[in-house]
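There's a structure below that I have some questions on.
In order of appearance the chains are A, B, C and D, and numbering begins at 1 in each one.
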């Protein structure tokens, strides 16, 4: 389904609050949210997408290991034939307070479509996803 | 082995120990008797229990940061910087997240990459990979007591290593390092594994070496009602005491309402002592730790200083034995050592200013304290009932039943039915009780408090309140008032945003 | 003209006014009636009295910075920055020190040099030199109520100019802008001159225009016992009310002991209202201002944030109507606009977190409040007695006699015999009464409190304590404990500084 | 007398606390302190030195106008024949938080012998003055 998304927190990351709120927000916005929760591996994201036909992955990484954990995900998607998968990532992506533009570039280079800074508003992600999926604006 | 709240026999302990030490090469050859000799040499000023006792006896609140990086030398530098430039009274070693998940291979990768890139790619100190040797180097290179702070469901090997290295305190517990930190690890397993960690400390106690244990009080750090976190802290203290632990620090994470915060930590200490004595653990030396705001922080550093200082004030006025310090970088990422020292300095300034002052007793505080104790007792009574008198079994069943229920926890073993929200004064109350077994009186009290707020805000008592409250502090408020126009908001706007 | 606490007749007022307007060319042509028309147009959101009333009615504590630079455009930029980036609720214009001494020629030099060097060489905004035109430009370019904050013994021309420009509040008073700010200006002169400033406000009140007046509460900002500053604030409020002022904000500078701070400002409001009503001034709308720590600040900015936040907390818990905000640059110099905004943001964060919370009443606070009121009454009674019932005359004589006596004041008209020091809880007490006329009971109370500290510190109650206390906060403590080894200090050292 | 010093706060500056404490500290250290107090002009400093034969002026400026207020003092001393007058100055000398070395250079260039940063310890001034006046160290 066009409006199915896989939601989860990648790596050895247990931060669950944002995840529960993203679930609430994306569901309320009309998406079909497949929430694989915290502590999810790249494989679990891919399996969930394959099983549900999701068009996008909404990935969070809060705990600082995002860089290590996200590396290679685009390639794995391609291998799995998930060609046009939209990869969104947000949270506290790297260890420490860094220049945001650099962080963003790094993740874009890794093949992510959208990268969000610490504390980003879920509504922004929802608006962007509607655009990228060419969904109609909500009345 | 069947779960039971009963001190492990030395035989059982040693049997498990053999397996534990094989989990990673650095476990090899850790020798309890040699450790005893080593630990006997720990000078008093580097002993956690000694310093806590001194602080408690002198009415002083100690400041302790969180800090840890991938490599040993950098970690030592960091800790000494926090001591000399920050004025920290106690030192931590925050352990990285791979270690917490026992993914020591990934730690190895993190260590190598950190070395190559010249910056820490791990969010903490990988204590197991560095082994006793590395951890002793840290211990010998600092001049304050050291504690491991982590979030590790199975911390048995880590505990073996850090204590062998002279670190005289260990944070964690079978509940508090599972439910907020893990997704699919059963409570049977984590309680059993933490019985081991406690038994290890109990063993050292038997040899005349005092080591401190600290259940992790704040849990998910997100709107946990005081009675729920107090119940967990008391249960973990009792479980630890059973294994022979004699020096315990129970903790609590700041809620933000000053009366509730002071009442909660005072209630925690009183009630925990009562339960310890009632259970026959008479020689436990109990202290308290107050965590500065553990939920989402504001991004602005000046605002973060405000949050940090309010936490320091609450800790000090409550008379907590120590306070865990946040930093102005909290909303962004692991702080630089400078930002970490800034948080400590702001905190210590406040602690010094308030050193001689305690929160004077008030009716409000007495009532709040009474309510917290009553709620806590309802919960613990039910846990014991479910366990047919056994606290460990009762805990597992209580989580199954939703009697113990932590908001926003990632664990599948947590019911997640209870929902909290702030009342009109900012105190945290139970919005949805789930299966938390409260008396009618308590339920009514909580409901009334939330109704009061709902009326003030012209809306219903529902989950939207909880969500608004989750965001509130990071947005600069304590209570998540609705964004729709209340009279007050209108009135504010009239003055603040009107343009000619 | 003879000093007397009596409302100036319009004739007298206008006679003096002629002279006042001639003091500097910008005084020329200021037209009261035209001003009335102008002031009637001030929108509500830019009216000081309106915003104070709103805050008081809604239980909100407003945040106001200090700020002022030499040039108009830069000053406007600064104020708008503090509004939008800092979140200030009320705006100041801090007047430079030459203006305060009526040295308008030197202001002119300062303005010229500031223009040339591209940075402010004046420590404030030279309102008189910029005149009504310049001050109106400021008023029209900001979107919050404006107040002049200064320290000017003779502020008559300044007051004429700022009110004509739409600034709806003026800080100061015949005592509070003399004794801490001047060396050789007599109280007869400053009280008379401030009667003029008050009468000007009274005139506008008669025309239906509400303007706020604020006696400067903290005086020298250095260990002033609450009853002494409260007595001065109440006297100035009464003197202002006599001239027809109807909107008054009485102020108090943070002492650092939370119970004393909350008790002091609550006592101030109560007692001032009592005196106003007893004196027949029934329609005064009274609000309060709490000043964050006014003494020497620590140089470290993180520590400064701690001090600032504690002040914000005390203000908020005390329920003050507004709080005057310090900055992390305090110990160094006039803050940059960024540092100023940081101070406001930290303050507002704390105010927001505590918005719904007040300090719960305790026995300690009731007792402290009772003591402050009793001391204050002793002082004011004697002032009235000395003045044969006339407050203005009594004030002059009371300073001569040392009945009113401000520690560390520069004025030769201040006796300087009274000496304060902190007690063992950090509350400020009278160490040497000088000629302050207290009952035996009050004296004994103060003496006992200081004896308690002396015993704890193993030393005598003497001036050395006062000096140690002057330095204490800037060195990171509230109480100036002696540097000789007390038991506690020894005990601390044992743990903290011991090397292996 | 070699150990007479004129103490005061220059300009339109009313900060009296530090002045009272400097008086206390220098007096206790054995100096003969002539304290002309706050709000003192250059002329008042010079008159007091001439009248008392003081060898040093201990000048404070806290309020930020120190730069304007201190300019020309050395020249005025020279004109008055106070040739070897030791000029010490301390406090918060300029408006705002500035690079200390720059501020110090500025005042040294104006002819001051010693310049002290914000919050300087009076004991430092006392030690320096003993050195500069070649007074014996206290036992």
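Everything that follows uses one rule, which is that a contact is a pair of C-beta atoms (placed from the backbone, for glycine too) under 8 Å apart; a residue touches a chain by one contact, two chains touch by 3 or more.
Every value quoted in this text rests on a predicted model; they were computed, and no experiment measured them.
Enquirer: Give the chains in contact with both chain A and chain B, ordered by label.
Expert: Where chain A and chain B might share a partner, there is none at all.
Enquirer: Report, in whole Å, the distance between the mean C-alpha point of chain A and the mean C-alpha point of chain D.
Expert: 65
Enquirer: Hey, how far is the Cα centre of chain C from the one of chain D, in Å?
Expert: Each chain reduced to its C-alpha mean, chain C and chain D end up 29 Å apart.
Enquirer: Can you check how far apart chain A and chain C are, centre to centre, with Cα atoms defining each centre and the answer in Å?
Expert: 54
Enquirer: Taking each chain's centre as its mean C-alpha position, how far apart are chain B and chain C in Å?
Expert: Roughly 43 Å, centre to centre.
Enquirer: Pull out all the chain pairs that touch, please.
Expert: A-B, B-C, C-D
Enquirer: Residues of chain A touching chain B in their complex?
Expert: Going by the criterion above, the answer is residues 11-17, 19-21, 24, 37-39, 63-65, 67-68, 92, 94-98, 118-119.
Enquirer: Using the touch definition up top, name the residues of chain C that touch chain D in the complex.
Expert: Against chain D, chain C makes touches at 97-98, 100-101, 103, 106, 109-110, 113, 119-123, 151, 180-184, 220, 222, 295-296, 299, 329, 331-336, 339, 408-410, 467, 470, 474.
Enquirer: Provide the residue numbers of chain C that touch chain B in the complex, in ascending order.
Expert: The contact residues of chain C facing chain B are 43-45, 50-51, 54, 58, 89, 143-144, 256-259, 298, 300-303, 305-310, 312-313, 317, 341-343, 345-350, 352-357, 360-365, 424-426, 473, 476-479, 488, 491, 494-496, 498-500.
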